[in-house]
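Common to both upcoming complexes is chain A, partnered first by chain B, then by chain C.
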Partner chain A sequence: MLTLVIAAAVIRPMFGYSSAVALAASIAALGLSNGSNAGQAISEAIVTIRAERAASSMGGIELFSRALGRSATQIVAFLINAAKGTPIASFIGAPELLSALTDIASFSSGRVTIYSLLLIFYTAVVMVVVWICGKFRSFLERSHAPI
Partner chain B sequence: MLTLTHTLAYVLAIAIGLLAALPVQAREDQSPDTALAGLLQEARAAAPGACTLPGIHRLTRILCSGRIRIGVPDRYPLFGIRRGETRQGYEVDVARAVARKFGVDVEFVTVNAASRIAMVADDRVDLAIATMGHNAQRDGAVRFIRPHYYQSETTLIAPRDLAVAEWRDIPGQTICVTVGNGSNAELVSHGARLMLFDEAVLLPDRLQDQTCTLAAQDDSFFASYFTEPRFADRFTQKFGFGQVPWGMAVARDGSEQLARALDLVSQTFHRDGVFLEFARVNRVSAGFLERQNAVWQRPECNTDAGSTNLACILPALNTTLQPTSFADHVTAFESGLEAWAGIDLALPMLKTASAWSLFQNGVVNSLVLIAGALTATLLVGLAFGVALGSRFRLVRWPVRGLTIALQ
Partner chain C sequence: MNPLFDRLSSDFLPRFLSGVMVNFEIAGIAIALGLACGLLLAAARLYGGVVGAAAASIIALMRAAPTFVVMFFLLNVIPRNATLFGVPLALSGVMAVAMSLLPYAAAYIADSGVEALQQLRRGSPLGSLLFLPNVTRAFFVLVMSSSAGAAIGVPEGIAIILRQAEQLPSLGDKLALFAVGIVFFGIPLQAGFAVMTLFQRRLSRAVMRNREDAPPHRG
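Right, the complex of A and B next:
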């Protein structure tokens, strides 16, 4: 949340307010907060593999791709977290579904249905993201099975 | 000869005098005052015999009983307030003046926004003067009196130093509003983000504790707050929109005579500045009433047909949003589901063009946001992973610092 507010505060004076700017700020904030955690998981895997294979001459691309395979589960967890966290973008005015449905609820009846629909939408989206990430993780693990 | 000339001159003078007086007489005959007096006289004449008859007109019944039941609010500052047995406010004063005009006593009945239409329709009050905006949807439920006795608008309230003066300053602003307010759709269409509240009374407090930077609500609601120096020093009305005429309302059935009499009363109250005086006494905004005072003094409006003259009266506000091409199918589906399974489903996002557009944009933007967030997370993760796993401190340390800050 704090990252999101800071991203909005930095980007708005530079580009003014627009829907695109709010979306860009939200993407940057979500990418940085979840990506930094994923990056730390990858780096820890790199350090571990490096320690395990101290005697070997492994390095560069090979080391990195093996680290990816080892940290795949954590990377996937942070990707899912990023997808689940997107409704928070409404906090800085990004015109996503939560924001749109709040606007619709302001001049319509049927708030229960409106927000139930939001729940269904995000449940479906997260299920799709989990499925895609599962495929991605399988690919990483197959490609770089631990030696 | 001289006598003949004098006689002719007298005759000519009398003829000219009669000709000049005829239009005035005609105008007086067509005045709302004459029409009202005639209507009341007719009803009074029928009263003794008709009082015991079933299904008599409301006006006759009011004259028979010697009292008129008028629904007014009791917790709407400046318009209708009740302290013990004492009622005061603009609408209370109007109600008393109407009763005086009919020569009957007034019996006040408390109504609120939820009950006022039902109480008029169910004959629990003869007349409602209860902060009721006249819109086309309500025309089917009650008969509104023309001309309208007041007009309000939605006003945007904000701290004095906030640079908001017109619609182009609105995109991206978060505005506190009440759920179901008819002006919310217009705010949304201008790019405002809305924070919803169930009750208007929460808005002034949320402005003062800075939860809300801007609040939008009927100007008649905020009028009383601006009489408090502490509030008025900090906040101001930035601009208004969505004007709504307020109408007195009677039942649609059995009220033809009463409605006609009230139309005429309302006309004369505007023309004679009665409404204007009540507004000033109660410190209610009088701009609309000043304009109406001028309108109803015009010869073409100051007639017994003035209340049906489209050049004099205001139209009802049309708040109907444009429906989607498939709105009927959605309504049929909702009704069918309720009839079949008893499920009360409402799908407003599919029924009006503005809601449908918002919904579609919301879905597309959410998908873009999710795809963007996943891509950004992956790219940042890979970049941070490489940097944090680097053997070079100059690369590793700054990124470690950034990671700690982000976490």
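Right, the complex of A and C next:
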């Protein structure tokens, strides 16, 4: 959240406020926070692979690709986390579904229905991302079987 | 005297520190419940059969549950006077945020637990020890995600910083205040991560030493 607000605070004076600027700030914040976590997971995997295979000579690219395979679960977890984090963009005014439906719900008597639909919709969207990430993970694991 | 601190309200620091404690409290509840549920789900998933399939489905559903939406759902859908066997069901703001983070924590722990056991089966104990920094990272994410509570009026650290930032005139002052926030959240989190990394490295060294000392396997 703080990353998001900082990104918005830095970008707004440069480009003024618009939905596109809020969206760009959200993408930057979500990308930075989740990307740094995934990057750290890859670096930890590199350390363990180096320790386990100290004797064998392994090139930089091979080491990196094996580390990608070993940290695939973490990379996927943070890709999913980024997708799940998108509703928080409403906090800085990015045009996303949660803020739109919160407005609608405030004028509606069927609050339970609207929030249930919202939960189902977002869960379905994230499940699609999970499915795509699962394919990516299988690809990573198949490419470097002994991880 | 630093000009930034002149412009801050006199009770900012105590309010901010108590807010940071709320963030850590929410993350602590979520990681404790997440560890309990996640490890059970990981064990069930590795058990296989119908139990494993059911656990995999629950993990998939929890993995996909969006925190911010779950939080709004919990707050808006459960009636304020609802009870179950006389126990009030309505959640406080702190518990609503913690419960909304639970699906993420449980699914993450379950996935990391399954991965750790698979690494162990593949003959990579160091790979399985990555479970420790992974859990620490989950705690990091939970602390930072607990700031979603700002949207429902929970008096957590980021909300207090944002309220204070609104009263500061220049962007420079605001960025300096945000930097103060990063330092106050960053120091305890990075210190915790450093301790966990140290512990993991010591365990890794012990494992590698045992491996080298073990007699060669005869096939």
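Note that in this section the second predicted complex is superposed on the first by the 141 of 147 C-alpha atoms of A that agree within 3 Å, B and C clash if a C-alpha of one lies under 4 Å from a C-alpha of the other, contacts with A are read in each partner's own complex, and residues count from 1 in each chain.
The criterion applied here is as follows: contacts are C-beta pairs under 8 Å (C-beta built on N, C-alpha and C of every residue); 3 or more make two chains touch, one makes a residue touch a chain.
Because the structure is predicted, anything quoted here is derived from the model rather than measured.
J.: Let me test your reading of the model: by the given contact rule, A:Val5 touches which partner, first (chain B), second (chain C), both or neither?
T.: A:Val5: touches chain C, not chain B.
J.: Based on the superposed arrangement, let me know which partner A:Ala28 touches: chain B (first), chain C (second), both, or neither?
T.: A:Ala28 sits against chain B, while chain C stays out of touch.
J.: Is A:Tyr115 touching anything from chain B or chain C once the two structures are fitted on A? First, second, both or neither.
T.: second
J.: For A:Val130, is the partner it touches chain B (first), chain C (second), both, or none of the two (neither)?
T.: After superposing on A, A:Val130 lies in contact with chain C but is clear of chain B.
J.: For A:Ser36, select first, second, both or neither according to whether it touches chain B, chain C, the two together, or no partner.
T.: After superposition on chain A, A:Ser36 lies in contact with chain B alone.
J.: Pick one for A:Ile46: touches chain B only (first), chain C only (second), both, or neither.
T.: After superposing on A, A:Ile46 lies in contact with chain B but is clear of chain C.
J.: Given the touch rule stated above, what does A:Arg70 touch, chain B (first), chain C (second), both, or neither?
T.: In the superposition, A:Arg70 contacts chain C only.
J.: Please name the chain, chain B or chain C, that touches the greater number of residues in chain A.
T.: B
J.: Tell me the contact category for A:Ala82 with respect to chain B and chain C: first, second, both or neither.
T.: first
J.: Does any part of chain A touch chain B in one structure and chain C in the other, and if so which residues?
T.: After superposing on chain A, chain A residues 3, 33, 37, 40-41, 45, 71, 85-87, 90, 98, 102, 105, 111-112 contact both chain B and chain C.
J.: Under the stated contact criterion, what part of chain A meets chain C in this complex?
T.: Where chain A meets chain C, its residues are 1-3, 5-6, 9-10, 13, 33, 37, 40-41, 44-45, 48, 51-52, 70-71, 73-74, 77, 80-81, 84-88, 90-91, 98, 102, 105, 111-112, 115-116, 118-119, 122-124, 126-127, 130, 146-147.
J.: What part of chain C is in contact with chain A in the complex they form?
T.: Those residues of chain C that touch chain A are 60-61, 63-70, 72-73, 76-77, 104, 108, 111-112, 115, 119, 122, 124, 126-127, 129-130, 133-134, 137, 140-141, 144-145, 147-148, 150-151, 158, 161-162, 165, 171, 174-175, 178, 181-182, 185, 204, 208.
J.: Considering the complex alone, what residue numbers of chain A touch chain B?
T.: The contact residues of chain A facing chain B are 3, 17-19, 22-23, 26-28, 30-43, 45-47, 50, 64, 67-68, 71, 75, 78-79, 82-83, 85-87, 89-90, 93-114, 117, 121, 125, 129.
J.: Can you tell me which positions in chain B touch chain A when the two form their complex?
T.: Chain B reaches chain A through residues 171-172, 174, 177, 179-182, 184-185, 187-188, 191, 193-194, 196, 321, 345-349, 351-352, 355, 358-359, 361-363, 365-370, 372-389, 399, 402-403, 406-407.
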